[in-house]
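Below is one structure, written out as structure tokens, with a few remarks after it.
In order of appearance the chains are A, B, C, D, E, F, G and H, and numbering begins at 1 in each one.
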Amino acid sequence: MKEVLEIGGRRLDSRFFLGTGRYPNPFVQNEAIRESEAEVLTFAIRRVNLEVPREDTILQHVKAEDFVFLPNTSGAKNADEAVRIARLAKASGLSDWIKVEISVNAKTLLHDPVETLKATERLVNEGFVVLPYTSDDPVLCKRLEETGAAAVMPGAAPIGTGLGLLNPYNLSLIIEEACIPVIVDAGIGTASDVVQAMELGADGVLLNTAVAKARDPVKMAKAMKYAIVAGRSAYLSGRISKKRYATASSETGDFPGEG
Amino acid sequence: MKEVLEIGGRRLDSRFFLGTGRYPNPFVQNEAIRESEAEVLTFAIRRVNLEVPREDTILQHVKAEDFVFLPNTSGAKNADEAVRIARLAKASGLSDWIKVEISVNAKTLLHDPVETLKATERLVNEGFVVLPYTSDDPVLCKRLEETGAAAVMPGAAPIGTGLGLLNPYNLSLIIEEACIPVIVDAGIGTASDVVQAMELGADGVLLNTAVAKARDPVKMAKAMKYAIVAGRSAYLSGRISKKRYATASSETGDFPGEG
Amino acid sequence: MKEVLEIGGRRLDSRFFLGTGRYPNPFVQNEAIRESEAEVLTFAIRRVNLEVPREDTILQHVKAEDFVFLPNTSGAKNADEAVRIARLAKASGLSDWIKVEISVNAKTLLHDPVETLKATERLVNEGFVVLPYTSDDPVLCKRLEETGAAAVMPGAAPIGTGLGLLNPYNLSLIIEEACIPVIVDAGIGTASDVVQAMELGADGVLLNTAVAKARDPVKMAKAMKYAIVAGRSAYLSGRISKKRYATASSETGDFPGEG
Amino acid sequence: MKEVLEIGGRRLDSRFFLGTGRYPNPFVQNEAIRESEAEVLTFAIRRVNLEVPREDTILQHVKAEDFVFLPNTSGAKNADEAVRIARLAKASGLSDWIKVEISVNAKTLLHDPVETLKATERLVNEGFVVLPYTSDDPVLCKRLEETGAAAVMPGAAPIGTGLGLLNPYNLSLIIEEACIPVIVDAGIGTASDVVQAMELGADGVLLNTAVAKARDPVKMAKAMKYAIVAGRSAYLSGRISKKRYATASSETGDFPGEG
Amino acid sequence: MKLMINGKPEETTAGTVAELVESYGLEEALVVAEVNGKIVYREQWNGIRIQSGMKIEIVHFVGGG
Amino acid sequence: MKLMINGKPEETTAGTVAELVESYGLEEALVVAEVNGKIVYREQWNGIRIQSGMKIEIVHFVGGG
Amino acid sequence: MKLMINGKPEETTAGTVAELVESYGLEEALVVAEVNGKIVYREQWNGIRIQSGMKIEIVHFVGGG
Amino acid sequence: MKLMINGKPEETTAGTVAELVESYGLEEALVVAEVNGKIVYREQWNGIRIQSGMKIEIVHFVGGG
């Protein structure tokens, strides 16, 4: 277990990766980003709306030099589309990181394992720093690592559901076997989910909706920031083991009046 | 929901109550207390060991003016014994707060509901600020409130087990119905347990073993401190509701190449 | 662990206790009772409606000689009222069994521990076979046993909620420490809840709403009957222990083509 | 939801699929099979031990005409090996059903998604009735269905662990989306796990170790048989929904003495 | 005569508890009677005279959990 | 000239990709352009002449998770 | 004089509770004393004479949860 | 003749697959044979002559999950 998180040669001081979608407005978004102290921000790539081409854009509000930009391939239905998006993203000059995200089910937005593997392989070969969003299948995560992924990002639960860690066991297997960083991505609902992921030994957590759609996104960004630190610290501190029976926390010495 | 926690007329800026038993040594204990930023510390009352009367005592290391002292009645098997301990504790001049703790089962250290109720009633009448440690029985917690308790402290799990919140539902009922602060006490194992308690709306958490017996108590004290803040902030932020199906966090606008 | 369940000197061949409230109609109720093969049926005691005194009554449909009748004290708010109901029930000549049920919170119908204890003590002294409905507080259950209860009936969850076993740990402590039968009562939602209770070692399960308000009460009665047997058999069979890692179930011998 | 389970054109009256490995001895195995009333039995294919070629073989004890034989490809590390085993199994003339099982991790025996997909496709094309053992990845299960699998068999947990349903949510998504039968396979520990799977709407459960290594395999086979029926019946009965607050099961009419 | 029966003021011409129960057609039903807070058993019903102001409860088993 | 821009039929008088981008006021925006399925970098924009029937994509970063 | 101190039989020559506490070197420690089941406060210690057979408890705060 | 049977070098005097299977007493057992990676069915066993260096597999059903 390394104390410092490094992905694609870049050292990251924060283990909190934050998405930029669905905030009520740019002001709240910027306050939430600031409060989060996240270093890695995710984005999507979309066509400019040519009816209102100069409308407010997200990058007006975010200083590129303060962050690592992690564009995603959301919208792609297969490896070809994902590769195309990745190249467009990279051509912006903003980042050569890419989150491979190939969702094929409209109801669950769950990834396609075979296409994810293909896209990861091709993008690694093209020199991208590839962070695939994936299911919590430990074998698949290992395959992605062998393919050259810079980190794997298994989902806690489907995107935007807030269901938390549906399968902590699988996540712990992935973490146990991984030689690359494991970032738990998607499905987070609240701070305790983040702490639980970090206590399992995750290297970081990527979330978006849990902050952006909370009643108070800025305060929730703060909650998540502290949750990351709390979970990481607890993981490093070696928690007490669970016992079936009680042990007094008070000294059991000499109780007055017993003699 | 009040933003400020007040018990017995005293405003508390920290919602973390820390026990003082079972640390590896006084140095680690003091560092852990310092790192925790706790304001309320618990203690037990025991006979002085007259064979080595001047040995290292806990109060040598803790400045009384920095903390609220919360002595407990641990060791008491019934209301009479608990009242006696409480009076001894108060006679020290250090505190008129008392944690009623009447454990009757050696294996589980679970409290006796009837004796706890009796002791609380008597000590309230004697002018103590009474914080009974209790089971998570919502009716009993209400009875203790009616009896004049300054706060109720339902257990998450038996003392020292680290099993975490065995019954979050009952704790949430207690919180929902209480007009006095609810401090979740005992059974905490790690930071995510603390966050979960705070997200339910608990006013604070009291723990001891989870910090004192962690591999690194000082770092775990830090983890718990941040867990308190993370959980409280998340509670105040209004988390997203859980949904069965996914919602994209990326804008769903116009995906390149679809037209 | 005794193979035969005996309460108040009566041997019971079925471990399924069924309530008689809330069925869609008497015909479905009778079919559900028949399908359940339950031996113990619960009832409430209420005033005859003197406007329609001869209306359909529940006992028209149930042959007393086939069942043990277990009237409850529902509606009682304290020990005095419970004792009064119990005496009325006994005066019917139908049964000297009584389920002490003293609910004091309209929202949760949770019992009052102190009044439950008092009523149990008084009714035991009057010669009743007393089965108190209680919280899952292990100390309280032990107190009820010491008071002379014939069985204890801790709730899985509040009445009618269908939440299942909120605290399996506490239930297992109660079972571990009890010298009298433990019947898990209330809060059951479906068959897996029943199996879980029986696998913990419960001596039986009492439920009502989960059958009466299911879409198909008769089939659900069947489900519950088999759940009782499945859970009891699993408990007696000594389940495999849980392991973190896999063990092949197929012979690992000589795989073709490896040589 | 069809009331009758049909796989590969064969109607099955039992939804319990039983493995034949790891029993203490053939006598217990046969008693367990008999008690289980299972119709589908799984086997592995291994080299005959030529040092003792006529030793006790499993098929001496099992009448082929009473069962559907479901040989597995355990031991295979990739699609080629799985196809080879499948052909050997079919050449026995005992069955053209095959359980594709391609485990690539020695610690977890978890399947390889890509090789499982390939092997399924090839074996379907060769006319096998293919039941792939798979992870609980809903997209992969859909791909296997599209490839022509006769049923999908997502794992509850890794083989032999007894951990039960690690991710009921994913299993329920698979069931919801599947047009072919879903058999929950592997990781079952006890009867309540089986009931839970059936209550989610699974069409059947395949298990082995939970019976074979229980302290009393025959009684556990009975427990599992009833668990299948209990779970299926509960699923068909439409369980009550969960509610946060209580609803009286006793009539709330006129309580004596209130007037 | 004016009584309280099951919490409500009622008038009756019944002279005994047995007659009162009969007046409701409940003589064969499995009901239990209480007079002024004291249970009176079926075999006592004939012997207990109704008096003005009596509090009488007539209860039975209903569906319950 | 008739083109497909971002999936829609459009007409333009722009002679180069640079002019086309400018016609939308996007010359200083962080947009990326693709012509007939091939990415064209900003420094190439001046040199690529618009031809009838070209398929052009102009994309940018938006909020995403 | 023979006393019970903290549940054990002890002998002392101390004349008052104050002297007794001092004999253990605890005069500056944060201890609480009880004599025959009744708490005696520090300011009373000088005034309470030790008598044979007294039951005395001397307690203090220790680590606890 | 020297063969590889079930992955091990063996010598046999059997002339056909049928004789080889018989030499192990397996003629009535439910075994399946593969010769040089190709399945040979029971009805073919008599017709296939054992040749030096052949790779033969003889497999059967065992307990499995």
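By definition in this document, a residue touches a chain if its C-beta (ideal position, glycine included) is under 8 Å from a C-beta of that chain, and two chains touch if they have at least 3 such contacts.
Everything numeric here is computed off the predicted structure, so don't read it as measured data.
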| said: If you apply the touch rule, which chains end up adjacent to both chain D and chain F? | reply: A
| field | Counterpart interface for C-H, drawn from A-F, B-F or D-H and sharing over half of its contact pairs | value | B-F
| query | Is the number of contacting C-beta pairs greater for B-F or for A-F? | reply | A-F
| field | Where chain A and chain H are represented by their mean Cα positions, the distance between them in whole Å | value | 56
| said: Using mean CA coordinates as chain centres, what's the gap between chain B and chain G in Å? | reply: 33
| query | When the C-alpha atoms of chain C and chain F are each averaged to a single point, how far apart are the two points in Å? | reply | 73
| remark: The positions of chain G in contact with two or more other chains are 6-8, 34, 57, 59, 62-65
| chain D, residues touching no fewer than two other chains | 19, 21-22, 44-47, 72, 74, 88, 108, 110, 159, 163, 186, 208-209, 248-251, 253-254, 256-257
| remark: Chains touch one another in the pairs A-B, A-D, A-F, A-G, B-C, B-F, B-G, C-D, C-E, C-H, D-E, D-H
| message | Quick check on the complex: what are the chain C residues that touch chain B? | response | 104-105, 108, 110-114, 117, 135-140, 142-143, 157, 163, 166-167, 169-170, 173, 177
| chain A residues within the chain G interface of the complex | 248-251, 253-254, 256-259
| query | Where on chain A is chain F touching in the complex? | reply | 19-23, 29, 42-48, 50, 53-54, 57-59, 69, 71-72, 74, 87-89, 91-92, 94, 159, 186, 206-209
| remark: The answer for chain F against chain B in the complex is residues 4, 6-8, 34, 57, 59, 62-65
| query | Which part of chain B faces chain A closely enough to touch in the complex? | reply | 19, 21-22, 44-47, 49, 72, 74-75, 81, 84-85, 88, 101, 107-110, 158-164, 186, 189-192, 194-196, 199, 208-210, 212-217, 219-220, 222-227, 229-234, 236-257
